[in-house]
Amino acid sequence: MAYLGSRRLFVLLTAGALASAACGGSAAQRAALKVQSQNQAGTNAAAPGGGGYSGGDAGASAAPAEAGAATSDVAGSSPGAGASSSGSAASPAAGSNSAAKSSSAAAQPATRSAAGSSGGSGAQSSGAGAGKVLPGGSSGPTPGAPTPGGPPGAGSAVGGATDVGVTANSIKVGHIGIYSGPVGSFGDDLSYAGRAKLQEINDSGGINGRKLDVLVRDDAWDGTKGMNAARDLVEREHIFAFCCIMSVNTSDPLTPYADEHKIPHIGADGWGEPQYKGAWTFPVSASAVTEAHMLAKYQAEKQGAKRVAIIYINNPTGRAYVKAYEEVIKKFNGEVVFSQPATFDDPGTTTFIAQARTQNIDTISTYLDPGIFTRLVREAAAQNYKPKNAFSGAAGLYFQVTPNFTGPNGEGTIAATHWVTNDMDTPGYRAYKAVVEKYYPKIDHSTWTKGGFVGASIFGNALKSLGLEVTRQRLKDTVDTLSNFETGLGPNISFSPGHHRANKTIYLAQIQRSGDKFEFKYIAGPLVDEYAETN
Amino acid sequence: MTKLIQTLIIGLEYGCVYSLIAMGMVLVYRTTGVLNIAHGGIGVLAGFIAWDLNTLRGWPYFPAIGAGILVAVAAGLLFERFIVRRLAAPALATVATLALFLLLQGLVFVVPWWGNTWGQVFNSPFANKQVAIPGADYSVSWDQLILFGNVLLFFAGLYFILRRTRVGLAMRAVSDDPTAARLMGIRQKLVAPVVWGLAFGLSGLTTMLLAPILLLDNTSLTAFTLKALTVTFVGGLISLPLTVLGAITLSMLEVSTQLYLPNVKGLSDAWPFLILIVVLVARFARGTKALEDTAVAPA
Amino acid sequence: MSTVMERAPSELSPERAPAAPKRSPLNRRTILRTIGLTVLTAFVLTMPYDMNWAGSAFALDYGVIIGMVVLSVSVLGWIGEFTLAVVAQMGFGLVVVNLLQNAGMPFLIIIPVVILSSIPISILLGVFALRLRGVYFAIATLAFGYMAQKTFFQSYLGVQGGFGGTDSKAISRPAGFQGSESFYYLLMGSLLLMALICWAVNKSWIGTSLTALRESEAAFSVLGHSPGAYKMFTICLSGAIATVAGAYFGMLQGLVPSNYFQPALAVLYFGFAVAGGMGSVGGACVAGIAFGAIPKYFDSLSEGKLVGYDQFFIGVVALAVVLWAPGGFAYIGRRIWHRLEGSPPAAPEVSTFEIDVRDPLAAAAAAGAETPDGAEA
Amino acid sequence: MSGREIFSPQARQRAARFMAERGHAVRKGNGGNGHGRTLVLDPAKLARFEPVRHRLATQIAEGGLPTRRRRVEKREILNVADLTIHFGGVHALDGVNLSARTAEIAGVIGPNGAGKTTFFNCLSGLLTPDRGQISFDGHRLNGSPATRGRHGLGRTFQTPRLFGTLSVLDNLIFGCRTADSARREYVFDPGLRRISHRERSVRLARMVGFRGDLAAPAGSLPFGDLRTVELARALCGAPSLLMLDEPASGLDVGQAEDFVGLLRSLSDLGLSILLIEHDMSLVMGICDHITVLDFGQVIAEGTPAEIQRNELVIEAYLGRAD
């Protein structure tokens, strides 16, 4: 019996081997996949102009390099062969300037895996061209040959593969978003603003002739999945840097990992405290601790909050939120009477409310996503209960979906945000909105979309200031000394080495009735967190 | 006193949810020998269809939930006709329900316009209507009352069906002794579709009743289902009254632990296991070696 | 890496070594087996690189660990039970690894300690198995898993800081296996070793006894064999595999949120085991690797767009398996192999999947075989 | 009365007639449910057993049964006192007393539902009685079924419970392993202990009249063979008390005759046999002592002749027959 068992394993694995060999061998297939996915990414964009950003463009130019890499990874020591075979496989399919690149790669491998070790000197290839077909091998290793038909303002790249993930005409950037999972229905918006900014950078000519090749992954708001994706991006895709990851559950564990691998992460969400401990992570939004400080102070001073109950998602940031709130409210002679952790499958909101009622709570603060928060509010409404100062919560609530979900029951809810609120309508906000909605018109502008946008802006600016010599170390050093970066969305951002708490500003918004709808309206801010640690 | 009444009400509320789910599972198990793991999944399907019709296509509320429940019943009939009937053993059918469960839970992601959805608001027309409980400083929403009423209705209805109707008689006969029932000529073909349709419909109904109170999502009903499954043990997967009793006991214990002993972390989640041990010890003390052991059943 | 590559074939060969009598050295069967063995070995050794087009070797590491978990579920099929506590056992393995690594233990000590640490929990579950069968046992393990996740992992230990956090120190991979590719060889080696042990156990008199136990516990016990001892052994074996898998899972992920260890996941793994063929060693490994790794590859291929599809497709596969091949992949593989080999079909397939003692059809068949009473009148 | 003689011709005829009726019914019932299908076996596997078969043929072909006569002592081996068990409100057994002696066949008879199988289940430990003592071979019998099995309490089941996917031979070897691990002697043939498991199994299989293929999966056997193999398996375990639950049901005429003869000679060789039957005619022929159960109570006991004359027994049987 068992002998048969071993044989069946045998057969299945054999079949699997054949199938995977058939697929793995096809570089063209991989290139096609790549292009296709890039195109999908670009479909949201209202591609402006003939030479403007289009996913297919970036994908086509990136494809041969990857195909070459895929082949040479397997072949190990013969990058030349790998690159040339990829050229022949990919150029008819992709129809771009790939042939030129691959021929240069024969002399000096321009593949991702080789690029890191070759240190960036040597072969150059043509600059970024948009959909321009060049005959195979004709341009050769001519450095900086300008290609006709390139996008306006696109300089030719001189610099080549200066670091991992950087080629003559592209920079690989990793982005991890929340596209599924418990907060998936609104979590995807978190990515879009940052991605819109990156696309805008590409459309306006890229980074000194290099296009940003943004690789996107999903973490389902789960650090495990996020780290899987991060490892894949770093170890297999060989990205240059991470940009604007707005998922706290991934950004937290990613911080030590980024330090270990010396990979810059520009524009982290900053919600979790661990992110401020990393040398290579640059958070742009404020921490949940700062939110708790400011909320507690505001509610104690303006609303006279004395007896507070907190319900929080049971993760380190949630616990830090409770602790921070408690510290500040005590300064105003208030207290956190009790706190209760919540999980997605079993929020326990009913008993939380019952307990709040019996404990004579005047303020309920939350560290929740809009989903559980909605449950909380609905449960409270069903029990005909509302604390004196209504509900309040961390920036996780500051979505337009929250008032939509809670309806009239959520009226009076105060949420923290780290940037100007939507109804403030500052020029900076309008500029931000214009860029984002050009690519993603239906986005729900929240704390995190603005954070992502700022992160992407900083990333783009820093990269541009590096010139052609793009390396991780130089990028880190540049951002480390960033001073007073104009975000236009409230606080300006400054980093200094060892001090990455760039944003300590909180705005508060409240759900108020406007007509028959409910919306978040500005009520206070900017409040600068005087209790924040200085690291 | 106020707190006690509140505790009792909340306990009853969750007890209703657990019992509704648990009764559906016991019904299927005792008549077909299949553990219907898909119970939660069917609810997700029905719930999302109703939500789709109501919210996206503008159907009125009641036709929409009616359609959702009908889809669930139809799914039950189809599942019985094309899958359960083709499988030789209840064990295999149990696995089929597992597969169905995975399939349905994944379906929410596959349908593009439902996609990536965790929670959806699916209000009933009775939203924001409450009844104050005198002397308890507490009120209960209409949705919760409807849930409670449905549990009573279903319990009574099931009792009536089992005691007074031909199908019920056949169901009882099958559950008491499937072999004998078969030999006596009771047709499983008559009983099984009724059972599966009823159970799937019940699952759909459960979702419809829960969605206005919580949110409509694809995981929390599963979480409830797994918890409810642990209380079916109290009734030995056979007895409906004992199952309901177990469900209410569990929820009462959970709620009172959460309200009275909020600092004893984790105790409220340990109750299913603790109850299980108590039940086992009780059964063992009564001298029954195994809950169900046909190997030693008296001739 | 090269040492691993040299070692792996020798690990493979005992399992592959044909036990059937050889008539002529160069018959079709021998040739097929040699080719198959070669291809398989080559494939197992190069798998991370073969699949590089689709995603990082990480996906494969993950798959191999799921293969271990599914093996653990499948092994319990030997006594005709199914457990929903494997995920909890994984969690305990992870906790133990974390504690030991914090105490500075080397890898070679950690794994044996993890195996030992699995025994108390297995025995606790085993006590239930002595009293409960089938669905009832599954429910007991479900309640246990639920408690373990909510009470132990989440509230007290806060494994890795509760929900995806970083409160405690991350678990690190053993020295020399930092990369996903090299870690794959460690994992694959471990899985093959486990599979080999399970296969050997199943082939030995223990396996025969377990078959007998599954066929009729009453007859087994009145013949003087203690069902409890055999059940306990199997549960301990299964528990040890699951716990080691958990330990590796911790090493792979570094940080694991406690919500990973929810019982619903155990239901999924049970589904994998069924698809692989309950009770089969090879089927479990293949199903685990496939169902574990494919969604991960899919994630990287679709760049986070087609999420949540994996559950749907696993559901479809499981349903198809139940309907058309109750023996799972194991049965399908055996059929294909027999066709390839040209050997006569195997003995009538008896599904190894028997979780339920209440089986009206079998009972009816047995009842029909007895004569109706009243013949003596 | 008919203690030491082998089966009176009249009883034998009676049994045969009865068995014929039964065997007929069995064949009819078997048509639909898959028993009795033939199995294609790997010729190589068959060849492996060839030498053994040959040896067996020479040993068993002439005698068929071990014919050695030994002087056996008769002593009480089993004593059951006041055994009571109830399920819910039903008293399945109510104060049952019974004793069995070595080298004798004791019968337990009674109409359907009289509690006979429950009685066996209590003896073999599958059920825990509410009350009552069982002493076996000099000490009090308690513990798990496995412990009792190792003490020498062998049994068969009303519906044969073979390990269906294992081969017949493996089933038998299973029994032999018990005997060896418990260090038990074969009461009816001490020599068996010295031969290998396989040979022992084969010999016992032939002894009980199994003529089928030993390598076949036990689940594929015809119903009659299931009974004989199960008996052989129980014998392989070297019991000192063999409990047989309706062992003759489902056997055809020839098998029944052989079977009855076999039981008689096993008992003569020192094995104590406890037999459940619900028809009297067969039991009367071979039993030395009979206990009649009805509604969980002993309504009569004694020699077959006494039982046949007992008013209560007649009433219990005739009152019920229709």
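Chains: A, B, C and D, in written order; residue numbering restarts at 1 for each.
The rule we apply is simple: contacts are C-beta pairs under 8 Å (C-beta built on N, C-alpha and C of every residue); 3 or more make two chains touch, one makes a residue touch a chain.
Predicted, not measured: the structure shown is a model, and the values here were computed from it.
*Asks:* Which chain is the middle one, judged by CA centres?
*Replies:* Closest chain centre to the overall C-alpha centroid: C.
*Asks:* Count the C-beta contact pairs for A-C and for C-D, then tell me which is higher.
*Replies:* More contacting C-beta pairs are found at A-C.
*Asks:* So which chain is the furthest away from chain A, centre to centre on CA atoms?
*Replies:* Farthest chain from chain A, going by C-alpha centroids: D.
*Asks:* Express in whole angstrom the distance between the two chain centres, defined as the mean CA positions of chain A and chain C.
*Replies:* 36
*Asks:* Return the distance between the CA-based centres of chain A and chain B, expressed in whole Å.
*Replies:* About 41 Å separates the centre of chain A from that of chain B.
*Asks:* Determine the centre-to-centre distance between chain B and chain C, using the mean Cα coordinates as centres, and give it in whole Å.
*Replies:* For chain B versus chain C, the centre distance works out to 30 Å.
*Asks:* Could you list which residues of chain C touch at least two other chains?
*Replies:* In chain C, residues 20, 150, 154-155, 211, 216, 218, 307-308 touch at least two other chains, as defined above.
*Asks:* For chain D, which residues are shared contacts with two or more other chains?
*Replies:* Touching at least two other chains: 126, 158, 161.
*Asks:* Please list all residues of chain A that touch 2 or more other chains.
*Replies:* Residue numbers touching two or more other chains: 179-181, 184, 344-346.
*Asks:* Quick one: in the complex, what on chain B touches chain C?
*Replies:* 29, 33, 35, 37, 83, 86-92, 94-96, 98-110, 115-116, 174, 178-179, 182-183, 219, 222-223, 226-227, 229-230, 232-233, 237, 265-267, 269-270, 272-273, 275-276, 280, 284, 289-296
*Asks:* Of all residues in chain C, which touch chain B in the complex?
*Replies:* Going by the criterion above, the answer is residues 128, 131-136, 138-140, 142-144, 146-147, 149-152, 154-156, 216-218, 263-264, 267-268, 270-271, 274, 307-319, 321-323, 326, 351, 353-364, 367.
*Asks:* Given the complex with chain C, which residues does chain A contribute to the contact?
*Replies:* 1-18, 20-21, 23-24, 29-30, 33, 37, 40-41, 70, 73-74, 176-177, 179-181, 184, 215-229, 231-232, 235-237, 249, 252-253, 256-257, 272, 274, 313-319, 341, 343-346
*Asks:* For a test of understanding, state which residues of chain C touch chain A in their complex under the given definition.
*Replies:* Result: residues 15-16, 19-20, 36-37, 39-40, 42-44, 47, 49-59, 62, 150, 154-155, 158, 161-167, 170, 179-180, 195, 199-200, 202-203, 207, 211, 253-257, 259-260, 262, 277, 280-283, 285-286, 290, 296, 299-305, 307-308, 329-334, 336-337, 340, 346 of chain C touch chain A.
*Asks:* Please give the residue numbers of chain B that touch chain A in the complex, ascending.
*Replies:* Against chain A, the touching part of chain B is residues 2-3, 6-7, 10, 13-14, 109, 116-121, 128, 130, 132, 137-141, 143-144, 213-215, 217, 219-220, 222-223, 255, 258-259, 262, 269.
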